[in-house]
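You will see chain A twice below: alongside chain B first, and alongside chain C after that.
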Partner chain A sequence: MSTFAKIGGITRLLANSSISKVNNTCKLRSLSTTPCRRELMEFFDDEKNWGVQEVKSGRSWKSDELRLKSNTDLHKLWYVLLKERNMLLTMEEECKKETRLFPSPERLDKVEDSMKNLETVVRERNKAYHLLETGEKGERPRKLETNVLGLHYKYKMSEHPIPKHLNTKWKKQYEFYKYDKEVEMFREKLNEKNYLAKKKQHRREFNHVIGLLNRFPNMDMEALKQQYPEVDIEKAKNSRKYGGHFEPK
Partner chain B sequence: MRLTNLLFSRVGKYSKDYSNLPDSYIKRAMEQVYWKNPKGPQYRPNAVVQRKKFHFDTERPWSAQFRQENSPNRHHKKIFVEPIKEWSFFRGDRVEVLVGKDKGKQGIVKQIIQERNWVLVEGLNCELKKLGDDKEFAGVYVQSEKPLLVTSEVSLVDPSDFATTGFEWRFTESGERVRVSTRTGRIIPTPPSAEETIDYKTKSTYKEQPKDTVADDVTEVTFEPRLATFEMDLMDKMGIKEDRVPPKSFWY
Partner chain C sequence: MSTRWYPIYQKGGPQLRVFLPNFWLKLIKPTTEQPANIVQFSCSMQMTKFDIKNYLEKIYNVNVVDVRTRIAMGKTKPDPGKGYIVKEEDEKIAYITLPKGEVFKFPDLFANEMKPEEERDKALKEAKEGHNKFLEKNKNRPSLPGWFNI
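Now for the complex of A and B:
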């Protein structure tokens, strides 16, 4: 009973009307936390919020707050959030269909942010257990691999009933890098391209700093250094672009 | 993806604080993606983005006016924004205008536009705009504040003598960071309206909405540490028993 009382606050996140219905009609089923079934209309927002300009809402759940909650609470909260997200997505689609304004679309981001935080907290707890018991994280393992184009990527490993050397289907599907002259040439060119892009970016930043120095002579130099850490400011001051088109005094 | 993050990071913290919108929403409202491949292993992460560099003005980045100002094929001149080490002007600060027709007048900071080092001061440095005039109707004049640069066009006012002053950030004995007037050595307090948002004046006076969880329920600790994973704990609580031993498997 005590846990039921505790999670009362969390279930309040559900549609207000549905909660009030729980209180009015489901008095006999004292232990059930499921609200009354409203069939498909649970996918839609409260009728009060139809066609309004704005629906006010609070902020999303922070991970620090979720860390205080028990696993059962998190499990329940997940489904509350999932239902809310389904409702919002349905309303968004319906508003699009009816060419109406979907009020307060930031609600979707708030719910999704909460769900993301909740998942990180659950994964944190599981990781802690597995590290304590087995010394491993207990998550799906990943490996740094090189693909046929010679590019590095994180390969997500998967579980198989037979070992690697017997699994011809897997071998055919996943090809990794083997030495190839043409691929080596491609990689050289790609490196060159990346290097040139980086150089260009650096040159652009350098010129921008000269522009700033010319426009704001009383600028805070420390702030400039903080914002453009890669640019050599002394070198920028020695550039012929620094200073106006006038003779120095 | 990294590029969009970089561009998004240009929306200053203090210019979005008042709106109380989540960052992901601002990002979503700003981005101008013509088309984008769906997510999935079978798709390349291709997208056609119509605009990557944004022109920031007095319009807020999530508004329709901002989108209109930044519509595709619309060009703006490059803008140089002076780097500032730390933002020190907040909503509700009393400042003195140093330029323009309201030079020497003091006012309250109404809005912050951090991307351009701008503040709007309530009722000062205004312009009149004539709207809706035609052959029969003379039109109406609308007054609106023009932005002022925090680096050179406004100055903070010392609350002890209501005169302009320079300032620096220092620590109090209790370890709190405050702005201190360099002329008189008095603390320039951060106004309470700095934490004001469109939804509430102060955090304590926030009016709860029907779907909000009550503050006491949020802070209540129900977590009890147990040597079990999330799934094991839930199965225990729900009375689900699992005795099957999984067959041997290989990870690769």
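Now for the complex of A and C:
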């Protein structure tokens, strides 16, 4: 209470410049002051940055740095970043409308990058907390489903106030796979297409390896095997394409 | 709500709270003349009127009396290179009414911008200075290439 009163007194005294010199000798924590309320002007950059060619800025926040911060700090930083992004978007829009170049557009990328990093850190903490408390990750549950065309996809599950069999709207929105002759035909053809593409790719790689062996006979075989794991090198060496147009030694 | 996924709200349940909203808000210059206490914004499509009001009041400390929104349809036009029809994104536009007596004027951001001649002169001056510096550095070492340095 007493410290509070002291600080209150000093702030009052600071307004009077003649007495403020006396108070500088006092041992005090640095006064925390809130920044002045600019309200709607917070949507615009500093006035000195208006109409300039370049605005210097630092780098984005790394996730390793953010991991050291407390939850409250992250929460505060999020709003700082959010405001910064709004400001940059506003300035960009205005520049676009006035057909000017937006100075240092990389600032937007930096802010977005920081926001992404911050979100991953918060998500990590959330996951850890949920795993500790409930044994589950606490993320939105997903399930592998098959759609009407017979293709697999990750279905994002959500909560519904009414059960599945009564929910006509949901039924209309999400059509899952039911046996259909034409869909089966489509799937067959799709599988064939994928299979042929894979085969073609494999054949191309095989021939490429033979070409490499022809051009560079003293190549590092381990490296080759590592780069083309699908290709059987012994088989490639037995191919009729292997070896140049000359008599073998 | 922000664009993230939250558990369903049912009567009696706890109030949904947004801790890290990812909505964006752009202050835009009104194309037509507006009363002095009306501010125009472009916002995330998912934002409701309540979201906009709360966003401005809690994050920006702006008092909001009224919010009106509309969705402006993006223009449909032929692609400049290819000629096929492309449609621009729709955008949500919000008109905010400030309390009586408060006035907001969109600032002129390009008032103290450099004129093209000034810009050109500045670039020329910088180039000259750079060249002089280079000459000064190589004065005492003739016939050495410019890249030779320690």
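The criterion applied here is as follows: the second predicted complex is superposed on the first by the 151 of 249 C-alpha atoms of A that agree within 3 Å, B and C clash if a C-alpha of one lies under 4 Å from a C-alpha of the other, contacts with A are read in each partner's own complex, and residues count from 1 in each chain.
The rule we apply is simple: a contact is a pair of C-beta atoms (placed from the backbone, for glycine too) under 8 Å apart; a residue touches a chain by one contact, two chains touch by 3 or more.
What you see is a predicted model; the values in this text were computed from it and never measured.
Of the two partner chains, chain B is the only one touched by A:130; chain C is not. In the overlay built on the shared chain, the residue A:122 is in contact with chain B and with chain C. When both complexes are overlaid on chain A, the residue A:98 reaches chain C alone and has no touch with chain B.
By the document's definition of touching, of the two partners only chain C reaches A:79; chain B does not.
Within the superposed three-chain model, A:224 lies in touch with chain B and out of touch with chain C [touch as defined at top]. Which of chain B and chain C touches more residues of chain A is settled by the count: it is B. Of the two partner chains placed around the shared chain by superposition, chain B and chain C are both touched by A:158. Once the two complexes are overlaid on the shared chain, A:195 sits clear of chain B and of chain C alike.
Shared contact residues of chain A, touching chain B in one structure and chain C in the other: 75, 122, 158-161. Touching chain A in their complex are the following residues of chain C: 5, 7-8, 10, 19-22, 24-29, 39, 42, 59-62, 104, 107, 109-114, 119. By the touch rule above, chain A contacts chain C in their complex via residues 37, 39-44, 50-51, 53, 75, 78-79, 82-83, 85-86, 89-91, 93-95, 97-98, 100, 115, 118-119, 122, 140, 156, 158-161. Within the complex, the chain B residues that touch chain A are 20-22, 24-25, 28, 80, 82-85, 151, 199, 206, 208-214, 216-224, 227-231, 233-234, 237, 247, 249-252. Considering their complex, residues 3, 6-10, 12-16, 56-61, 65, 67-75, 84, 105-106, 108-110, 112-113, 122, 125-126, 129-130, 132-133, 138, 141, 157-164, 170, 208, 211-212, 215-216, 219-220, 222-224, 226-228 of chain A touch chain B.
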